[in-house]
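Each structure below is given as structure tokens.
Next come two complexes built around chain A: one with chain B, the other with chain C.
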Partner chain A sequence: MANLRAVGKSVDRRDGVDKTTGRALFTSDMTFPGMLHAKVLRSPHAHARIVSIDTSKAEKLDGVKAVMTHKNGPKNLFNAAAPMFLTVSNLERVLDQYLFDEIVRYVGDEVAAVAATTEAIAEKALSLIEVEYELLPAVLDAEEAMSENAPELHAGKGCTPEGKNIPGEIIRIPYGDVEKGLKESDVVIEKSFTLPIVKQVQMETQSAVAQVSGSGDVTVWSTTQTPHPSRAILGQVFGIPASKIRVLAPPYVGGGFGVRIGLSGLAEAIALGLALQAKRPVKMVYSRKEDFIASDTRHPATVTVKLGAKKDGTFHALDLKGIFNTGAYCGFGTELPGVCGAMTLAIYRIPHQRYLGHSVYTNRTSSGAMRGFGNPQGNFALEQVVDMMADALGMSPYELRLKNIMKVNDPWCLPFPCLSTELAECMKQASESIGWEKRESLKASAPHKVRGMGMAVGTHVSNAWPFCVDYDNAYFTVQSDGTVHVASGVPEMGTGVCTSLIQIAADAFGIDMDRISLSFGDTLTTPFDIGSHASRTCYAAGLAIKEAAEDARAQIFDYVAPYFDVTPEMVSLQDGYVFVSSLSDPDAASVVSLDDVKEHKQSKVSLENIAYHAHVRNKQFISTGKIVPKNAPPWHVCFADVEVDTETGKVDVLNLVAAHDVGTAVNPMIVEGQIEGGVVQGLGYALTEEIRYNDSGVQTHSNMHSYMLPTAEDIPPMKSIIVESHDPTGPFGAKGAGECSLVCPASAIANALANATNIRFTELPATPERIFAKLHPQN
Partner chain B sequence: MVQDYVFPGTVEQAVAMLAESKGRARVIAGGTDLVLDMRDGKITADKLVDLRAIDGMQRIVEHDDSISIGASVTHSQIVRSTLLRHHAPGLVDACRKVGSLQIRNVATVVGNVVNGNPAADAAVALACLDATATVVDEQGTRTIPFNELYAGICISCINSSCQIVTQISFPKKKAGEGSSYIRMEQRKALSLPMLNVSSKVRVINSQFQDVQLLMAPVGAGPQHAVTAEDFLMGKDITDENIRQAGVLAREQATFRSSAVRGSKEYRIGVLPVCVERALRAAIADAQEG
Partner chain C sequence: MNTKLISFVLNGEPVSVRVDPFELFVDVLREKLQLTGTKKGCGEGGCGSCTVLINGEAVNSCLLPAMRVEGTSIQTIEGVEDNGELHPLQTSFIEKGAVQCGFCTPGMIMSAKALLDKNKSPSKEEILEAVSGNICRCTGYVKIEEAIEDAAKTLRKAAVKGESHG
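Up next, the complex of A and B:
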């Protein structure tokens, strides 16, 4: 491995100063001359047919420039999420949505949109739209939606014939013979778990500004995590060629956590539809309430685990089932159950496995991608059953896991090999940090309190393959002054890729980071990329950039070799200088021009000199990287130390420790940030966060006030530990790091609660109310 | 739509400004509730009358036998007050629980009371302290006992378009007295209480003398747990008596279920232990001197 100068260093984030001083621009900051503001009228009913809609009064209101309903909106079926464009070739795409439809399928579904000169006028115009609804029977519960008498939400639009209201298909992962394996097991434990609806609550709400030029060229500033796929989706919604559409961020996206893989809610499509009508720029910014009720949530789910083990603790069979409530529209409803199965089955070496999972349509806000993408749901179920198995076998949960976790090249159900894991080391370091050896002798701080520790382990992916289409590209240009410009299609949504990708480019090429600029998040100036999700950005975009850098490097070596009077293999490039590889101390070598180096073999030549030398001879070094990433499993553990007030059910988390094997940590500070943020989201998933519905299908938790995100005061002491491995498939050995941190915390906290109380909590969030009810069944 | 935002220099000016607007003006004391309610269209006003320029309104004042809290005193001022930490520790604890630091820096204690929410932290904590409110309007100045400030659930007796609560006062802590505040919450900041309890006791020879025990949200304003108060009067301080007070409070409590703030069953379930903890904390404060 060449000397790493940038990779592995906690270099400052390139976006850091602008973001902390308020200079960074986001879609919601954008404003243009003549720009209109859009507002959306949303359904108050869970399921209804629009019998009549009269917009004439709204249209007459001074300042209103466009009104769109199902009568004049585009009539192309689509899927607002990335599967519209990234569904793999062996699956059928589920297209089940119109921009505006005469049927509304959840409280918050779009009925009409208005563009006006001010937000207040647009708001006023909404109140002037008269709608007559015919109420249709609504179904909120997934089990109920599959029953015979349930209303059908999307008849004839890509449901499987295998069951009612099941979009796409039922995902089955067979591996070995699970029935035989369960029969051969000495102990079998079966348990079902219920996972709640939670929300990404990214900082910037769904937003877009659309502008249409006189020649029909479309520009959309957008909060999407996937500029290139979003361009394709917009093209199909409106029947506009993709080449006439530019989607970009200006340049930052205020978080995502999966909520805008594809369109940002429907912000881009609503803004563009109105802009096409009004022939003026239109801005659509979701209110926080709209973001809550009308953009994707995490899938609520019921997950059932049946785990069989031999007496000595060897896992022998795992039967897993997951039913996901996908709400009104499918989105990722076909892909996500597959990821849940694959990620949950992949943790342990088990010869006999089976997974069955699918989504179900109901009259709720659509569920979609959220950090972890099905993995936290499955992990919560399996990791609790593993603890139950440890109890049944009289083993420690730590030893039982250590005995069964996947090792390098162990066989598993995934179509790519496990080529790296430091999970055992992660367990060791995290357990030492939290003091796991004291688990049996923990002391609570008061007589009415009990204390416990729990752990959970897991894995994830480093890109979207084989669940979605996944390939990547990069442009790499050595400019005539020897500096480098890189173009990558990924957006910067806070995950630090506008820094970490430059670290990769710097070391792959051999130049200081300060001499590299990056274009990103813009379909016009960057090559195709599937976007920032699936923990893939640093891994997949990084690979494409690395390949492009290596190509450019090779071009330079070909160019300079004759001047050095050596073959191209005999020169090196480091810190912006080219020299013969045999040079003992390049740092100390004198600098000469390329024309003189033949006479001074112990000297080095600057890139600046070489690039200009080539430029005046009509040559530039330009390359592309085009890669199809393999995949690689990151590994991670979370340990929790909790105390429960038995008189009130209140939980105090005393300590959380997470240890992650993300391969090479390209920027350890950014990885630590990823771990800490995910662990806090996991804390909310475990204890407080939940969106519920009343019987009429209205969301009872639809703002920051009622939705219980952990606050700064709720965050316990935490420790993030990075255990590096080197995965041969990733750039400089890196693996995915973005999502893992949110997979295990709830599982670990639930195991700690069981350790403290001797009660197994199968439903999240474990609120004081739920804990109290189990501790005091008589009350 | 607010057209005017004024800073009167005296209480008299403030009353006159309200009067001349004939119901279209309103007192703003912090505004952390009012501004949201106005944005939601629940309250409308043409003019807002801000009391912060009136001398004395922003002070916590120690008198011979009492302490008064001016209309512009913020929650943060209470949290920082060593005087109140000694005389009304429950009030300090309650104020620390309101909103976030930014909200506590702006929101006033008197506003918290006049807003009328029965479970408002500071209001519940004040309710056990024999507090009174000084109310000024065109008719003059009156002193109203704390429990007469509520007209209904989330409805105050104070009409903020013509009346001003200039201060809330309560007696200083005397020998043998102690007070406390307990709340159940869904998170440690930015959350309304699921239920809350405040208590003030006077302990003589390990016996309960005066006992004030209040709980919310179970009605219009903080409500006395009357049977529990009566039961404890003159009783020895024992675990059994404290437990019995919790049971009696539960029998009287009429919580409602909220999809967001917890079920009736849970609130009733944990009320006894909250009462016990409030009593124990008040006793500890009394014994601390």
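Up next, the complex of A and C:
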């Protein structure tokens, strides 16, 4: 596109200086006069009833200003995740949680909270609370939880024909006739896969500071990814009108990856509950351990794939089933199985498909959203079965995929069309980069080592529709000096929206980025927005800003047209100057004032002059963008080259290449950062990251030392490739870019491991222990 | 409680502050001295967000008893700019896209600075080792490594010209 000055450029991030100098403020940095510190007493039991709780000694401790338990806490049922507020109209909301309940349902569940003048006093007060528990039977495994004899976690909720403890809707996606399709297939392959519990481990733990004014207005500084929905959730938890609540980031959020779509754990609600009692500001910062045990993990899952193909490699039928362990509270337990099914079915053109998926309550930490949102679980299963099918048919996995991948306007199960895909080009460029043609002749570096290559492909979404409510708004104001103020409700959690949204605004309006400022992540100063999830921020908030900018442009054209003596359609705005579109060389045109333009039609007028001209005539150019986004599939591949030590089971990843079609890359440097960061999270998912539980329901990997995150020294050579397409539904052709990168790496690495060892690894992470056990079954 | 007045040099200026025997230095920095640039990501030496320089060595300030700081020279992220000029590490982190959420960035820059203060021509392995105790969950480390390499290059050029970057 000819006139793009900002979109498509790797401009420096707006928050760069603040974040490299220590000036950037996060919720956990906030402090206020008279501020109290909150600490939470958590259940040591996986399932129990609180028979009695005595807080009198804690209340008497000097410095303690508020104590909250199920006896005096709010009694409104809620869902701490965004479905509380964003469930679509054809699904029923699952509200299954009180801030404090007399039943505790996992190790870490909230029993009581204390606000005191120092953290140490709050901690001491917790030790003075006396609780008597009656232990209840607990269930940790999803299959067991569905059985007839399993304890019921939420009385009256989740008894279905499929089993017990199933919250919300069972997701069924019918497409064609899968039974018929499987019968008509020449080869059918069926396999089940087991996915582990992994954690977002965003660097800033769940945090909030709540302040209540004398008139009852509430302000909550928060690490949420979704300020506006979080305001609505808090309103319902406490029965406070949403219009009296302000939720904002201060202004930065230390990462998210899905862990705070809705409340940040329960940090906002705990801080606010205590602040309402104490009438003083209260700060709640989760310890890292609390973040592990008492805020959402990724859903562990069992995914079963049955894929049928014709002899020539044409996929003919796909039957997919996913069972997700959602832990103690439902959270995203209805939406996430839906996304798993939809994203896994949408990769290939298959006439007969079926999906069944649902969540199961167990006595573990709740599972929720994590980058990819159900997609990595399904992708890991399907992409390995595709490789197995290639083996069965004697075809190359590359050619088999190329034959079956979705093309523009192919029919599929999703309720929006596929209007762009460069997946084939992504495959081509990534395969060339990694040297895929050498796959059959790879040489290992030692006799006891074997080497292999694998690939995987996938898609995702660019916003949450039709899985969740999704629309967006923006304010756009041209100030009387001609500079622009944009307001958008999305927070800046690291993904660069405070830069890329300005790039979109600059080109949509026609001025330099330097002349635009952005308010974000604050419910008081921005219009309603859904927040940062579902890879939607740049796409959906970007569309709202673009629409607002175009409206403001139109207002300006209406205002100036009579001065130019032309119709508004004949006016243009670029680089901060307004001129008649037919002007041959706007760059060279002389600058005049609006009052003089009639005499000099081959001139241009600065926005500054126009805005002030209008201002002194009681007129301002101010607009809103109100959009309901369509949706668009980004596409992506990952290729892996690995070497396995057959004596130890250790895996060396020798090379990882990811190629992504995210439409127009609004800021390529930021997009590369999204790809690289997600690929490394995928590397952890594949090889090292896992939270396990002991039989009592206690997490055995609940800190930075035992949960094996990739470090700088674990990173293999990596390449990220951007293959641009232009999606007609996105701002300047952009699609979602935030989540794709974590979807395929584990699938590609598993396929590479199978290529190296001739063994299929159906369980993640592929640790040396698991690999050794498979390589040496006789031991 | 037994408290003790400790004195040390902080970002080039003498400081005295009263601390408790078991107080950790990260809390002194963040709460008593209001220097919140140093972040607390785990409180158990597992993430490196709280890295500061003590006599030029990178340490996790969440594991450092405040009393041990007596008589030392401490540098935090707030002291890295030189007379209002960004340090080459800060510039390179911005220009190379090594910053995302920004929560690990101060600690990451301090670990990198400890390396570059001593070694302006580090190998890729030395760079990765220097920041191997700093967890970044956003970037995948690729651009962080590039930024540190780029800053080293700038520092070498400056050394040739005789400029200084403290």
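The rule is simple: the second predicted complex is superposed on the first by the 771 of 779 C-alpha atoms of A that agree within 3 Å, B and C clash if a C-alpha of one lies under 4 Å from a C-alpha of the other, contacts with A are read in each partner's own complex, and residues count from 1 in each chain.
Heads up, the rule we're going with is that contacts are C-beta pairs under 8 Å (C-beta built on N, C-alpha and C of every residue); 3 or more make two chains touch, one makes a residue touch a chain.
This is a predicted model, so every value here is computed, not measured.
In the overlay, answer first, second, both or neither for which of chain B and chain C A:680 touches.
second
Where does A:137 make contact in the superposed view: on chain B (first), on chain C (second), on both, or on neither?
neither
Quick check for you: in the superposed arrangement, does A:705 touch first (chain B), second (chain C), both or neither?
Both partners, chain B and chain C.
In the superposed arrangement, does A:713 touch chain B (first), chain C (second), both or neither?
Once the two structures are laid over each other on A, A:713 reaches both partners.
Specify the partner with more touching residues on chain A, choosing between chain B and chain C.
When the residues of chain A touched by each partner are counted, C comes out ahead.
Using the touch definition from the top, say if A:494 reaches chain B (first), chain C (second), both or neither.
second
Check whether A:29 is in contact with chain B, with chain C, with both or with neither, and answer first, second, both or neither.
second
Which partner does A:252 reach: the first (chain B), the second (chain C), both, or neither?
second
With the two complexes superposed on chain A, say which partner A:216 touches: chain B (first), chain C (second), both, or neither.
neither
Looking at A:694, would you say it contacts chain B, chain C, both, or neither? Reply first, second, both or neither.
A:694 sits against chain B, while chain C stays out of touch.
Across the two complexes, find the residues of chain A that touch chain B and also touch chain C.
704-705, 709-713
Touching residues of chain A toward chain C in the complex: what are they?
The contact residues of chain A facing chain C are 10, 12-13, 15-26, 28-29, 31, 200-205, 252-257, 287-288, 493-496, 669-670, 672-673, 676-681, 703-705, 709-713, 715, 718, 720.
Write out the stretch or stretches of chain B touching chain A in their complex.
Counting only chain B, the residues touching chain A are 100, 184, 186-191, 259-260, 262-263, 265-266, 268-270, 273-274.
Name, in rising order, each residue of chain A that touches chain B in their complex.
By the definition above, chain A touches chain B via 647-650, 688, 692, 694, 700-701, 704-706, 708-714, 767-769, 772-773, 776, 779.
For a test of understanding, state which residues of chain C touch chain A in their complex under the given definition.
By the definition above, chain C touches chain A via 30-31, 34-44, 46-47, 49, 76-78, 80-81, 86, 89-90, 93-95, 97, 99-106, 109, 127-129, 131-145.
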